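I am attaching a structure below and will ask some questions about it afterwards.
Chain nomenclature is as follows: A, B, C and D, assigned in order of appearance, with residue numbering initiated at 1 for each chain independently.
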Amino acid sequence: MASLIHCPHCGVRPKEEFSIRGDASLIRPDPEASDEAWNDYVHIRSNPRGRYREHWQHVAGCRRWLVVERDTFTHEVFAVTDAASSAREAGR
Amino acid sequence: MSRTYISRHPLDDLLPLEPGIRAVDHLDVPRSSAIVSVMAMDGEEASVTAGLAASGDVSIRFTGPGEWLAVSQSETPESLHRNLSLLLAETAYFVDQSDGRVVFRLSGPNVRRILAKGIATDLHPAIFEVGTSSNVLCGHISINLARTGENEFELIVMRSFAIALFDDLKVMGREFDLSAGFSVRG
Amino acid sequence: MTAYRLASGGLIDRSAPLDFRFDGRNLTGFSGDTLASALLANDQLLVGRSFKYHRPRGIVTAGPSEPNALVTIGKGADSDPNTKATVAELYSGLDAHSQNRFPSLKYDFGAVNGLLSPFLGAGFYYKTFMWPAAFWEKVYEPIIRKAAGLGRAVLERDPQAYEKCWAHCDLLVIGSGPTGLMAALTAGRAGLRVILADEDFRLGGSLLGETARVNDASAQDFTETVLAELRSLPNVTMMPRTTVFGWYDDNVFGAVERVQKHVALPQAKLPVERLWRIAAKRALLATGAEERPLVFGGNDRPGVIMAGAMRTYANRFGVAAGKSVAIFTNGSAGYRTAADLAAHGVEIAAIIDSRAEGADVAPDGVRVIRSASVIDTKGRQRVCGAVVERSGFEQTIACDAIAMSGGWNPVIHLACQRGAKAIWSEDLKTFLAPDVGNGLVVAGAAAGRYTLAGCLKDGAEKAVVIAADLGFSTVSHTAPAVEGEIDPSFTALWYSPGAKAKAFVDFQNDVHVKDIGLALREGFGHVEHAKRYTTNGMATDQGKLSGINATGLLAAMQGISPADVGTTTFRPFYTPVAFGALAGTSRDEHAAPVRKSPLHGWAQRNGAVFVDSGLWFRPAYFSRGGEKTWRESTDREVRNIRENAGLCDVSTLGKIEVFGPDAAEFLNRLYCNPFLKLPVGKARYGLMLREDGMVYDDGTTSRLSHEHFVMTTTTALAGGVMSHMEYCAQVHWPDLKVRFCSSTDQWAQMAIAGPKARLVLQALVEDDISDAAFPFLAAGAVTLRGGLKARLFRISFSGELAYELAVPAGLGEAVADAVMEEGMAHGICAYGLEALNVLRIEKGHVTHAEFAGRVTPDDAGFGRMVSAQKPDFIGKRLSTRYGLTAADRMQMVGLKPVEPDQHIRAGAHLLREGAKPSTLNDQGYVSSACFSPTLGHDIALAFLKSGRERYGERVVVWDKLAGAEVVAEICNPVFVDPGNTKLNS
Amino acid sequence: MRYSAFSIVKNALTGNVNWTPAWRQPEPKPFYDVIIVGGGGHGLATAYYLAKEFGLKNIAVLEKGYLGSGNVGRNTTIVRSNYMLPGNEPFYEFSMKLWEGMEQDLNYNAMLSQRGIINLYHNDGQRDAYIRRGNAMWMEGVPAELLDRAALKKMLPFLNFDHARFPIMGGLLQKRGGTARHDAVAWGYARAADRLGVDLIQNCEVAGIRRENGVVTGVETSRGFIGCGKLGLAAAGNTSRVGEMADLKLPIESHVLQAFVTEGLKPAIDHVITYGAGHFYISQSDKGGLVFGAEIDGYNSYAQRGNLATVEHVMEEGVTMIPGLSRVRVLRSWGGVMDMSMDGSPIISHTPIDNLYLNCGWCYGGFKATPASGWCFAHLIAKNETHPVARFLRLDRFERGYPIDEHGAGPQPNLH
């Protein structure tokens, strides 16, 4: 994972073409959601050892945000998908 | 009082005015190109793709989903912008980048070995085929790379990085005595 | 012919002698030699001193695991310290020096440490040098530091060049011995894209020193035949002199190619070393096996050499390691060395075999002493005898070299670099790599298949499987036939009992058996603890020879299996790699690309002094004749703008074109202030927050049409803001119909500021730009005289009547020249970042010096701008947290010194008058400060606790770093034109 | 056995066979008053100070591997107290003072070497930020000096003064900053704690935290259940995993940071130097190896290894800062798992569970904090109240809006 990422739009690319933002399982809460929900969203991380969904942006390529699903210990990548598609599927 | 404004190319002081001796591996720099960013409106990606494919003389470079650079050596920025607007009316947005991008054309038997010094993408012709284009990192600079022939590539870079990319390409090509010059035609 | 050069044989070119120097002596070797083989040929066995005890040390190996023969090659800036003589390819003019000795290799004062060795055991540092406390840094540490270390780093600019390169292949074969050759050949014939990499300058690996015959030919001729076929295959790339040093995620391998390390004068157009990143679909590890040293008394004496290395020196390099060689072995390999050396006419003093019996045949007339061990060695700078013990009886066997052979350690380094633990094989008495997936397959001797036929077969077979896996079909062919096959069997011997001298485990770091025992006794028995406590395996060879023996010793001492001890962690680099090679061309001025503004040339012609600003170079100020300091130029520029007009390049500000029916809604959610109702043709200052409520960036955004905006960002965060917008659009609000792209590079943008700005511009712009027609915050397309379409914005950072004019980048210089020409009559000047900074401080405008990622809009005085009406925007919710709204937050204020001739510096802190400096009493700090030419004294922007309530109060501006304390008055941060009359004029 | 000049001589003359184990290998008892999870520097220091300063007797440290097997043994050994924000500076200066007396206190030579740390600056903005930082240090009574280019050139002539992409303008110097021998810190605390009766239990992995009526009663481990009165977590990169056993929601991401050492060289670099136009930092160990590192790889990871792109970037910064490094060979690289917090600053805190205490968020600055972290955590556990210098390092500071964000990067751990 940490060497090559298969961008769904551009193909296999080196790590340095990407920037990484963090946990992709977090969903920005509704403006009316509780303080706790907002604090959790901004500050709390599940940080699992194992399967994890992470936001990577292909900054030097297509500039799309991607959801990279991978293992945080073995670094095996299970899937890379477009973040907007994932967000739409999640109903955002 | 009327005025005329003379346009400058970023490499004006770095490349000779007259073409010099051309090595087998050569970097050709068109002095000007018409380049337009094309962004498909939501849901219009397919129709814009089809429209661009039918745009004739214009080279289409993929930059991202629903986004392309349209490049032409024969049209002016204004005419390219106008023609695309007519062709793809109500389906895409356009931003003129003719002054914001610089085109390099690299050709010769060693181009793959030269580019491998900066670009991680596998440029084997069976993998990065003629006609393919994509944004890639070349060294530390993001460019659009297109394969225009077995041993011919076109690199489009942001204007502010043009000199830096040119310097990098010269270093990458020094092993093969890469030559460079403005296009005779352009 | 030199002393130890054999009369014939070897893969050296005896017709091509090469002159070289070692410690100032002129010596001669041959093309095809390593530095080590040439030194041995010249009777220069002593090559270095050990790390701790400064014991004399000789060449031990013929390869990359060498612990002793470390030399510095070259001179001054062009030198490589700690180079292994055993892998350094000899060239004419090579100049090598021994290390870690004073005054000379033969007589080294440091050897006194050897006498002190009872005090210097494992971990001794930790127990001592504590009394008195102050002595460590002043006395002890400098002595220890000076004694430690090996070669000398010159730390001068390296005159050589480096580069990086990517490669892609179906199969990377690492190692070109019998296994690797057969794998490459098999895969190459099947059509795979193959890379065959080997660290040696000559491909062939162990075959180059092999006496067994393959396919009825010598091993060397067989090698040449295979290499010739590989060279003929266009899909096979051969990479000699290339060390694969690391295995990384996704089967990417790091390798370094020594392109010109073997030439005296490198060509300028080629790098001396080239870093490869090889993306391989599959890789085959064919790195062979390392012979294991024996741990016996006096085993570090120069002349004690690995048996296999002696064989290599004789067979490949035509060099005898000694004239009379004693062989100490625990397996059959020792007999093979005996046979090969004897065949070259070297006398075999005896074979000392630790085993009671064996079927091995010694050369005719050679004495074999079974069930025996070497317990000590004689001699000083070269061994002159081996003390052999058998059944309690000792005898000394005269010899001038001792070959040791302790079995085999497969070279599994790369396979274990990604977390896999080596596993103990009770059968093979060694550690093997576990299954690490199909990306990297271990084969041949590296997988414990030591026979030559086994290696040839394994390489071919595994390549067949890989090819099939990748969808290639292979042609079957018969495995090469081997004649004179070797017997790799041995009996594990971790420690040869009865040592009468130190028995070394790690030669370079001087770790001996008793150190391991001490570590165990003191509770450092975990293999990692033992390593760290004794430093075993931490030398430049990273335990290639010592690691497994230490594990065996720890196991034996505790009466457990080596399986329960395990190995230490294998990590990159397989062998050390130079910084330069890893850095490639990205260094010095090329460490990061330079971005140049389209107005760079214009600025240069106008006398700009540039300063870097992120990747850009921007004019700091424009020096005019007679001006001696930046301040003189800056003050002039500021005054001129306040009185006349000035032109400043602002092309580097980020520009983002935003389109779409939801563009306004998108911006409204992005900024903390409202954008929904921004009229077409208008610009608005916008403040962007992070989700935690702190200011992220600011800039103006203009509405060019109903569905088209152009946003500006700061230079520093142009890229960051773009990514942030993409994140918001794609992840948060994918259903908003909005598209955007950067147009930063398309436009040359210039700020024209000052009371005469309109006069200057109107001369150039065809449209009416009177205050009525084009008021403050107007924005839109204009036409310049001559018909050039441009964008004009009436915005101001300086507080003056000001415009920003954007024209296509290529025309930027021409338009800037035209503006200057039209402005000449009105006294226009070019101005840079320094003047811009002064102007904005005078006006109380903020930059990232104020925001710094820790400031809320309210802190900076923008509290009222934040929309309370909007249901949502980035940063809204967390802005309301207690700590972000607390009354004692630091708020932005202005400061002016009470004594006008006193100075204030950014970074100074604030104290109440009379308060003692302490973290508790700290009231705030100065974020920006300058001399104001307009007011005639220093002014500053500062963040002060509850600052806005404190206008008129005095504070102490405390700058201890400068030794300065200045009393200042707290004031409104807008120092110039607080009523905005100039702005709106 | 106490280490003294006498003991060294005596043992040397008797063949060094009478040295005794540095610590016992005890079997876990059924119950401890305090259990610390994590036998790294912070956990061991906590146990030591609990016993020595706060008089607790029945203490255990549980370590899943061997003592010191985490970040205390894989860092770049830098010790300093040059922070800017009031939430940090007093804490790190407290730590610095403890470093200065540690070796005598522990009777163990950790080779603290106060050779001076220099942070380079490359532009006016950075200089101003360092002035602010230096003055903040002085506010806390910590001496700092601002060096200009000329002073720096005299002190560190090997820096890239002539061809730097980002010119070196000067530096901020803390003379008391420096390095210490990292493993020795863990061993010194371990040995000293053991002498005070602390049970150091290795190969004991915590698998669960048992709670009754909302209070922690003990831990399930690979060596069985062990009861406790109070539980302190000092698990660094594994904090989230251990915290999850008590349903703690934590502002922590685990990231991998690589570090490097070169082959041994004669003394060449006498200070700790950090690069201002990147993240590179370097010093030379007493054994001669140049020890260095730079930024984290950037993605969440529990693997103690990094990627080549980062390696190359680190080397690019290295030769750009010191061109003469070009010919120096890098011997080894390794990775540590960092407990990155949301503001880049640590957490020593109560938790929502009464007798459960938390020590984490060290990002890549944990080594220098070892003594103060141990002391303040011990203070918190023993007295159930925060030590004054650690009063801002609370777990709830994020929701309350009091982040301690030295870099101003906001709640994105990989930017700190």
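By definition in this document, a residue touches a chain if its C-beta (ideal position, glycine included) is under 8 Å from a C-beta of that chain, and two chains touch if they have at least 3 such contacts.
All figures in this text were calculated on a predicted structure; none of them were measured in a lab.
*Asks:* Which chains touch each other through the most C-beta pairs?
*Replies:* C-D
*Asks:* Using mean CA coordinates as chain centres, what's the chain B-chain D distance in Å?
*Replies:* 49
*Asks:* As a quick test, compute the distance in whole Å between the mean CA positions of chain C and chain D.
*Replies:* 22
*Asks:* Taking the mean of the C-alpha atoms as each chain's centre, how many Å separate chain B from chain C?
*Replies:* Centre separation, chain B to chain C: 32 Å.
*Asks:* Where the CA atoms of chain A average out and where those of chain C average out, how many Å apart are those spots?
*Replies:* 27
*Asks:* Of all residues in chain B, which are in touch with two or more distinct other chains?
*Replies:* 67, 120, 122
*Asks:* Please set out, as single numbers or ranges, the residues of chain D touching at least two other chains.
*Replies:* Correct list: 303, 307-308, 399, 411.
*Asks:* Do you know which chain C residues sit against two or more other chains?
*Replies:* Where chain C meets two or more other chains at a single residue, that happens at 164, 248-249, 252, 277, 279, 419, 586, 590, 592, 594, 691-692, 878.
*Asks:* Okay, what are all the chain pairs that touch?
*Replies:* A-B, A-C, A-D, B-C, C-D
*Asks:* So in the complex, the part of chain D that touches chain C is made up of which residues?
*Replies:* Per the touch definition, chain D meets chain C at residues 3-5, 7-9, 12-13, 15-17, 19-23, 25, 66-69, 73, 86, 89-90, 103-104, 107-115, 123, 125, 127-136, 138-141, 144-146, 158, 160, 163-167, 181, 183-184, 187-188, 202, 262-269, 277, 284, 286-288, 290, 303-305, 307-308, 311-312, 315-320, 322-334, 397, 399-403, 405, 407-411.
*Asks:* Can you check the complex and tell me which residues of chain C touch chain B?
*Replies:* Where chain C meets chain B, its residues are 163-168, 193, 268-270, 277, 279, 585-586, 590, 592-598, 601, 616, 657, 659-660, 708, 737, 739, 741, 743-747, 764, 784-786, 788, 807-815, 818.
*Asks:* Can you list the residues on chain B that touch chain C in the complex?
*Replies:* Contacts found on chain B: 1-10, 13, 32, 37, 39-42, 66-67, 77, 93, 95-101, 113, 116-117, 119-120, 122, 124, 127, 139-141, 158-161, 163-165, 167-168, 171-172, 174-175, 177.
*Asks:* Could you please specify the touching residues of chain C with respect to chain D in the complex?
*Replies:* Listed in rising order, the residues are 51, 77, 79-82, 118-119, 121, 124-131, 133, 136-137, 141, 144-146, 148-158, 160, 162, 164, 246, 248-249, 252, 254, 275, 277, 417-419, 514, 518, 521-524, 526, 528-529, 532-533, 535, 538-540, 542, 569, 571-573, 576-580, 582-584, 586-592, 594, 611-613, 690-694, 696, 848-849, 851-854, 878, 881-886, 905-909, 917-922, 925-928, 958-962.
*Asks:* What residues on chain B touch chain A, complex-wise?
*Replies:* Result: residues 63-65, 67, 120-122, 134-137, 142 of chain B touch chain A.
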